[in-house]
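Paired with subunit B in one complex and with subunit C in the other, subunit A is shared by the two complexes that follow.
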Partner chain A sequence: MEEHTGRDLISELPQGIIETILTKLPIGDAVRTSVLSTRWRNKWALLTHLVFNDRSAIQFHDITALQHIIVNFVTRFLFLHDGPIHKFSLCTSYLQSSPDIDQWLLFISRKDVKELILELGEGEWFRAPSSVFSCKNLTRLELVRCELDPPPNFKGFLFLKYLSLQQVLIPPDDVERLISSCPLLESLTLSYFDSLELTVRAPNLKYLILEGEFKDLCLANTPLLVAISVAMYMTDDIAEHFEQSSSCNFDKLLGGVPNLERLIGHIYFTKYLSIGNGRGRSRITYNQLKFIELYQVSFDDMKEVLVVLQLIMHSPNLKALQISGSSNTSGTMRSPDSEIWDEKFSIDCTFHKLKTVKLTDVSGVPHEMKFIKYLLERTPGLEEMSITPGLYVTDKRLNMLIDLVSFRRASPQASIVFIHEPV
Partner chain B sequence: MAAETGTPTTLTLKSNDDELFSVAESAAILSVTIRNMVEDGCAGGVIPLDNVDGKTLASVITYMNGISAIPADEEKKKSYRDKFLSDKDFETLADMVLAANYLNMSCLMDAVSAKIAQVMEKKSVGWVRRKFGIENDYTPEEEAAVKEEHKWTFEGVETDDDN
Partner chain C sequence: MTEADSDIIKPEMLKAYVWLQTSDGSIQQVEQEFAMYCPFICQEIQAGMGSSKNYPISLPPRVNPAMLSLILDYCRFHQVPGRSNKERKSFDEKFVRMDTKRLCELTSAADSLQLKPLVDLTSRALARVIEGKTPEEIREIFHLPDDLTEEEKLEPIKNTMDDPRIRLLNRLYARKRKELKERERLKTAEAEEEHADERSVDDLLSFINGSNEDSRGTRTSKTKKKNRKRKDHHKTAPPNCTSTSNITSCSSNSVNMDKKELDARHSMYSNPLLHGKLLTDVCNATKLLDIEDDGLAAEDEFDDCDLDDDIDPALKEQIDREVEDFARRLNSDWPERMQEILSLGQQRRPLQVTINGNGSLRRFTSLDQRQK
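Up next is the complex of A and B:
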């Protein structure tokens, strides 16, 4: 760009705008503006959003020297900083647990901090100091890889709206207590939780993301939820627990979420919902539910198919449905109870609003083909159904196609796309 | 208002150097400042914008029209913003960030300040001074003292003044 010699273009901008610009710079560059001129000397020190990360970290072969530079930088920064700190984000793979970090957190806990984000390197896990729990005005808390142990007298984060805990070690009772003591909580993410029985009570919760080896999930008081994404992993221990379980997981998880708009279930989610689901009917109608994505649904297991049907039958405004089949489906099974499709589901049910259906990892087992037939017959507004056979499904592709062309379609404009990747 | 009559309403905006611009209300209300005036019923005649000159206002209106023509797709909006700002010089960027602030247009404010930050990133102090016309009013002794005071932020830093 051309050399500029005229008026000073940015020094006279209001502090608010300068702060916005400085906040978008790597924090080291922001501090170095102090050398520009006398007017710039203290502008950086008034920043309220502090983001320390590895973006500007220099490449050092000596990791100890680099750690020293980072620790020195943050300590000096906080020492010379002036005024409130609304956001403190520290994401660095070079630091682990250290007394310095505890002191920084104690310092910022006295600065009216509203957003706190911590992600440290692997290695020795960081144990969040008690000062974290004295940040009374937090609206956002994100922690990655640490131990969290709320003190007994902790009364909750009364203003917290966003909570994300990834790979955080916290006693199960404490995580429930933490969640229910944040009355304004709108968004909750828990990932890499192991063998956890979790009951969520969060009356204002809208967004929920769960990932881990959950044993038992219950949404007890979450009437405002609009989006749920759950990934469940299964161990032998948990599978055994499931076998003995007698309660209805479908009702426990989805029995009280009438405002749901989007549902995403990964891995064992559909299997989990199918356990104890005797009635095959939902307690409620999901009038807002428009998007359903279910992964690794086993069409060998009629109970799982029932869960899928139950969901879509109770979602009169569903627009898009996406299902991936389970890759370990045997594919050789005879269809023992295929008449169930004619008997049990012959009731009058039409998916009026459904426009797109995307099916992947299709293995072509009888219940799967019946399911496709069922959808095509009852979806008058269907625009596109795409079908991608599983990678290892080879000899059955032709049979699938023969079946597909024979199915009656309720929608005259529907296009059926068969995605035939070369094997 | 548009919602009542069903026909698109056009607003007339006036810059501080008395240029007049017509713009669809639906695009103009990206500015919270203008939207408030419309909602308060003060938008009947000409809306005076005392802190924006004609050249900058023309540019902002181009942006308003461009971005409001894109449906709710954050990716496309972002690439429009990137393209819109790609050929702007520093002077225009500085005028635009002030206008965005005055008009209370958070998306433009965010994009322009990010662009300015991107220009400054990894540059030496001397380079930023030259490009933005910042006069160094430190005495050599003062400058040395400020550098010494902030020595911790220069450790291991390499600048990149290529362009």
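Up next is the complex of A and C:
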């Protein structure tokens, strides 16, 4: 075999780089480096970023044996580990709630942990022990499928910048309390919450991602918000609740975000915004808003169309607009409320910066075509507009094309792409 | 006059240059905008250095001229703003295709220049080199000294629970240690002693191959499924059979061991903490069982092992399945084992020539012992 003609260069690299290299390995491989040579015996034990996941999991027929292996491995690893632990990430579908996990979290909480990520398997949800709340220096917390119950004297994570709760059972009041008690919070993600009334008070918040059924959503103190992505589910109860409410959802959600740069709305978002939306109200101008993406916009509902129009009319610097129509349009061809369009068309409003428009799932309803006409006439800088008809819209396509061709365009270099896949 | 001057000045000359001095003393002139990609150089420029040949920026000692030119290539590509992410990624992929020695040097140099994106890139490349390899392979690639004692690699598990599987494992370890001592002794003993291995390795393997046709078949397919690059690809088949025979013998002997137990034993092997240590040595144990039958005869445990046909087919199937599982665990070790086997075979080949008749006789006797 080869003699050692080469120099051992890798062992001389500084510990920081060795750690970078070892962190990019599956953790089992990282531990295995302890048998390489005397210098490598303990390099793995100084790792500060620990990521345990199913990547190094072995295929086993017997789940309990595999669970046993994983629990053993993590326990022994932590026991043999040396030094601070800055990141602890446990993402495995094989483990559920178990006292071992509580012990690990207790151990971690004593080690100055800064990032904590927990995602366990389906089944009985894990209940976060109180040691999670004693991790004073947390900057990042991601929890999936667990129960969170902050103790009454919990003062908050003073350094938390990134919070993500997905499928987390938490008393509704405590969500707001948790958010407001993290003064440095910059990114908030809440997924799969049921019937939540949420008021967000987070003065440093920049990124907000929400998904679930929200009875009421209010951004009360979020002046620095830069990007919002909301996927609003709606049940019948919530729809009824909205019919009775008198408040204006648009203002409550988008009334206090002057620095917004990107807005993404899924499912019933525009419908949500359209509720309580009085016309002619003064709105703030979104000077930084450059990208708007709205999905499931029902062009049958004039109120939703109004929401879209108001959004773009108050965004002078809008660069790209993407709207996806709703596929469940009622086939009734009511005569469109053309007075509204006449009014809109008479207002002198040009979108100078709008360069790209993408419309998908277009069903060709009158409001939609009017909207396209409206856009084409007022976008002198338009470069490309792409239109994709909905999959099930077969008979209206020719009419759509005929209309499109007849519309006047303000931009000489605009190219209109009609994406036609043969049915 | 000034207009005439400005006519003479060509555009290229208006580019700013900085002077860099590498560890070997040589001084280079580099366009400033590319050099500025490195935070270290940036700081030095702001401190006023590097503007002329007399005051070059002294680069840290780990940056030699070859590394500097690589780093500058990297900076030159990425400093250009118009590139798409895809372009950058594909450049990066091609950039790190170099031998590991240069990778290490480059990582070191980039780190001293505080060029974090390049450090990340090279670290990832090094991690890919390490990932999935056995300790021996890693040692060879990086020229690491194999200076852990066999004992350190072999530390047995303390059996606090009196678990029969752990007992078995410890017994294997004890045997292994004994074999090691035997080996040491045999090495220093006279040449005649060394005829346990006089039959060529190929003979031995073909014998085993003959008796374990189906297992071998499944094994090669399994190894081929693994998408690790193997230099000695063709060598994977025989070692599988070597261990197969032993594992079969183990399994058939401890026939009462149900599948769960065997799997649990696998669990110990697959526990990464022990993996590196266990793996080499259980494998060693099985290999030694095969080659040095002398040591084998003494142990009761493996005496009753049948190599094949006395086992009834259903049991054989179960055993084969267990064997597959087990071998998958030990799979990563095959090329290394094969190399060892071959090297041992080579050492002993000259002896085979002189002791031929004796050797073959020996061979059959040892077989008889096994088949009893």
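Criterion: the second predicted complex is superposed on the first by the 411 of 423 C-alpha atoms of A that agree within 3 Å, B and C clash if a C-alpha of one lies under 4 Å from a C-alpha of the other, contacts with A are read in each partner's own complex, and residues count from 1 in each chain.
Just so it is clear, a contact is a pair of C-beta atoms (placed from the backbone, for glycine too) under 8 Å apart; a residue touches a chain by one contact, two chains touch by 3 or more.
In this text the structure is predicted, and so the values were computed from the model without any measurement.
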Inset, instruction - With everything superposed onto subunit A, say whether subunit B and subunit C fit together or clash. - result: clash
Inset, instruction - Name the contact category of A:Asn72: first (subunit B only), second (subunit C only), both, or neither. - result: both
Inset, instruction - Using the superposition on chain A described above, determine whether A:Thr38 touches subunit B (first), subunit C (second), both, or neither. - result: both
Inset, instruction - With the two complexes superposed on chain A, say which partner A:Asp62 touches: subunit B (first), subunit C (second), both, or neither. - result: second
Legend entry - Superposition clash, subunit C against subunit B - the stretch among 166-174, 184-192, 202-210 or 274-282 that is involved: 274-282
Inset, instruction - Touching subunit B in one complex and subunit C in the other: list those residues of subunit A. - result: 1-2, 4-11, 13-14, 16-17, 20-22, 24-26, 28-29, 31-41, 56, 58, 60, 69, 72-73, 76-77
Legend entry - Sites on subunit B touched by subunit A in the complex: 89-91, 93-94, 97-98, 101, 109-110, 113-114, 116-118, 120-123, 125, 128-138, 142-143, 146-147, 149-150, 152-158, 163
Inset, instruction - Sort out for me which residues of subunit A touch subunit B in the complex. - result: 1-11, 13-14, 16-17, 20-22, 24-26, 28-29, 31-41, 56, 58, 60, 69, 72-73, 76-77
Inset, instruction - Report the residues of subunit C in contact with subunit A in the complex, numbered from low to high. - result: 100-101, 104-105, 107-108, 111, 119-120, 123-124, 126-127, 130-132, 135, 138-140, 142-148, 153, 260, 263-264, 267, 270-273, 275-277, 280, 329, 339, 343
Legend entry - subunit C partner contacts - residues on subunit A that touch it in the complex: 1-2, 4-14, 16-17, 20-22, 24-29, 31-41, 56, 58, 60-62, 65, 68-69, 72-73, 76-77, 80
